[in-house]
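Shown below is the structure under consideration.
Going in written order, the chains are labelled A, B, C and D, and every chain counts its residues from 1.
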């Protein structure tokens, strides 16, 4: 049902986007501005919301040997004990999906044996997707800003390394479609994943898939006037918007899907992007016994512990009988 | 433990990164720079309509390239007949046809290509006409 | 509007295909045995070259053919033999015909310089190894062609060619070209190049640059499939040899000793 | 154990394919053998927890307070504002499914709600409805739902079917820690008096007597004297064990099961032998006679009040620093919570081994080190004489306890000790040890008789790995450093892998330790005859 709902939702969004070419002002300027504002503000609000809750305890997930005595080889990056090791751990997590790389697959063999195998497909396609997405966004700086930053040409030449086709086929364009297809099919075909999937899992995949496909169509098949598009984008991104005379329907669709993604981002699971930086099990050093961690609301615990005095009062007699040392000898 | 300084730093970095095009545009001072194509003065007709050429010239050149290099067909044929262009058989050639009229690469090709950061590698091999020759 | 544009493109390409498929008419058959098509290009079933070593040798140090070729095709002049690019060049007989030399051959033969270039073999070993089809044997006229757009610089062909006819661009060639010929592209770093029997001249109705440049007419060029062609006549009347025939590559460049 | 299904049958009926019906529409069914009994009112009253009453989870009426939903939602709101982790974990899960087949309960039961992602979704779905915009607007479409009685039943069933082992957290790309979610969910349920007896009664006991078993001071003394006798019988040496001794250098705290439980008890003998041999100036305490902390299975507050006794007693006895014995969740509390909750321990000194002079910088704030760190340091510095051949009748493997492995990273120290005190040691397969270790299936307060089927299921992955080395390498002993392991692994192995016994690491140390003036040591600490050299 979640799948059906998200497909319907996606097509409604896509239809609106396609029809957007009728109104260059609303779909070319107003909605993109709105989406940008919601995206930026939404993320900041979300971060502030998280930040307003303290981290009362330092509860890291340690995935390697701790730091104890110097002769025991410790695992610095799976069990960091200081700030820079933690930063490396976070970088490994954010840039290379360290934890997902560990993924295994458990299955029952011969009705009795549990066996575990390496399972790297999710890692592979997840990392393909995320890196492709990032590179594609960065490549789009050629439309966003004037002058185009230098890194764009570098990215383009790396991304188009194989120099196949005209315009050159970008590796990331192929990779993102392949990766999205895998991530989507996995949700539909793998029974376990299907069982846990919600409409909010399918929808962003469809949305990003739509964005990727419309982008690819514009690049290779139905060419649009890129000079006009850059003028529009630079206009918006310099607070000097120029309302275009006309929008190509495909571009209108592309832009609208991007706008919807931006709006959807801060109110969905996609906040895992800023969220990963906040994950307390990963972004804290495992130096619990070395440095005291402060809980700002520690004093809110009202219950009093059972003191030794209370204890001795209750058990003085029996303690005396067996000659256990006492604080107070009376009675 | 709120780690407020780190969070604030994070928010600032996030905002700076995600609004970086804005700053480039505002402080780069080049938003008014737009492509300024100089069309050949002594020719008013292209092999195909301008609107088509504007968006699809790369497809056309790619198609020509295959025909010339791989199919050994130097001149454009249509229904078995040579196509006439400006009184001659139309040769499918970047240097012999296109650049004969559009003989100033930097005032023509580079205008949009630079604006949009398109870096075709045609000119790595093909030799652009010396500018100002004509 | 889009659809119109697309149809436009379709018509253009379909037109092209039809054009190629249409049977071409000959408008003239020249005395050298090849034909000239109505579009002005020279056409043969199998292009071949016959080099008269003696005529060439009589010219002494003449390098006109080499200069003509390298100028026409923007071949860089790189002095370092490891990096040099050559389409046509001279070599001592005993180096060029390793399997046919013996120490008792007439001195003049053994010491003669022989003009070498791509043999445009009938059975080329270099084309099959190309992973991108950047080099292939053109079935209609036997030229071993190159598409530099496609070459990925793997150098399999360089390894496969038994005649050393292929050169690889280890560096950007442009700084080594003194006077660039605008009509012809240069190559880039990472691309293999070689002689293509001047396919770009043939299509304009001209003989290869080297053939035209030779003052002694030591180079003959024509259709080997036509018994009346000049090259066939020369081969009929003279004893000729080819380089490393035992390899079975069937070179289409013949040498009259 | 009155459990009738044969192991082969139990294993072969496990089906990891989820059912057709959506999990939201699939209410929980309390099946005998898979849940724990509710806490008795007496215990709850003693520790002043809300809503003491007689009830049982299988009953239709849980006798909940009138406004229980409001209490729960308020409790959730409060905790979301107190724990960044909870707020974050509610928001950022992408349901990638990497955690799904990492949970021992899922692997052993096939129940999809035992996939960590769905376990968290049980709470997340309720969070979503009241705390997120999408949930408010679109409800069920985005997986949001109202807190109803069936939902509460689900919470009770599945949050008491999680042993907080954190294995899923190792694999989660965002480090989402289901243990923390379970922890807080249990704490919220505790607000309306929904909790289990095997957690609440030990908490009451520990609060009153200082230990979970409710042993009174003279009982602790009795059992220690009994141990001294036993040790003398087996080694010929009568050791002294100071109790409540003021001015000793070190306070030694160990889980109370060590006083009576088998095989814990033999580990206790190992400690006593070791401390005697090196001449350690230490004391044990009847007041802080519990290292474990069942409070940590139900609420932060109860965890704090139980844990407070350790520092309080260290202060009263004026010791310099503390050693903690072999235990799992005890070390989660000591390592991750104690200093924050009950510190600073500024009345103590940074631990320095009086025998080797090693300064334990890694514990310079809490002033408490793990016995394995202490012993590994002794062995490294050649301060004790060992004869590993005395353990030749054992062919051992080592089970990493969840908490020390994934909560602190104590992996190499026990292995170093084991390799020095034993000749036959084999590791279980890689995916089942160290940070990927599998829970015994009975942690976090689930080790009850009434929950026996679920324990067998949850322990299945662990037992399976033991079975592997049992068959491949003739392993006949499973070593571990956790009191709950020592209590629950024996019946688990008896069911799945008969022929493998369970022991603590320091029992092996005690066996191998060459003591001055000892007898011929013809038996190990259990009284089993050892293999003599001439017999080989």
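As a working rule, contacts are C-beta pairs under 8 Å (C-beta built on N, C-alpha and C of every residue); 3 or more make two chains touch, one makes a residue touch a chain.
Note that the structure is predicted; figures quoted are calculated from it, not measured.
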Find the chain most remote from subunit B, comparing centres computed as mean CA coordinates. D
Could you quickly compare A-D and A-B and let me know which has more C-beta contacts? A-D
Taking each chain's centre as the mean position of its Cα atoms, how many Å separate subunit B from subunit C? 33
Per the centroid of Cα atoms for each chain, what is the distance between subunit A and subunit B, given in Å? 37
Distance from subunit D to subunit B - Cα centre to Cα centre, in angstrom: 68
What are the residue numbers in subunit B that touch two or more other chains? 55-56, 59, 121
Mind pulling the residue numbers of subunit D that touch at least two other chains? none
Which residues of subunit A are in contact with two or more other chains? 51-52, 54-56, 58, 293-295
Which residues, counting only subunit A, touch subunit B once they are in their complex? 39-40, 43-44, 47-48, 51-52, 54-56, 58, 141-149, 152-153, 156-157, 163, 165-167, 223-227, 230-231, 234-235, 237-240, 274, 277, 293-296
Mind listing the subunit B positions that touch subunit C in their complex? 48, 51-52, 55-56, 59-60, 63, 65, 67, 69-82, 89, 95-96, 121, 124-127, 129-130
Residues on subunit D engaged by subunit A in the complex (per definition of touch): 7-8, 11-12, 14, 16-18, 22-23, 47-48, 80-88, 91-98, 100-102, 107, 112, 115, 117-118, 121, 132-134, 141-143, 166, 169-177, 180, 207-210, 216-218, 221-222, 243-246, 286-287, 300-302, 304-306, 308-309, 312-313, 316, 335-337, 339-341, 343-344, 358, 360-366, 368-369, 373, 376-377, 380, 405-413, 416, 429, 431-432, 434-436, 460-461, 464-465, 468
Hey, which residues of subunit A end up touching subunit D in the complex? 1-2, 5, 46, 49-69, 71-75, 78-79, 81, 93, 97, 99-100, 102-108, 111-114, 116, 122, 126, 190-201, 267-269, 271-272, 275-276, 278-282, 286-295, 297-298, 301-308, 311-312, 314-315, 318-319, 321-322, 324-325, 327
Okay, in this complex, where on subunit B does subunit A touch? 1-4, 7, 10-11, 14-15, 18-22, 24-26, 28, 30-31, 33-35, 54-56, 58-59, 61-62, 112, 115-119, 121
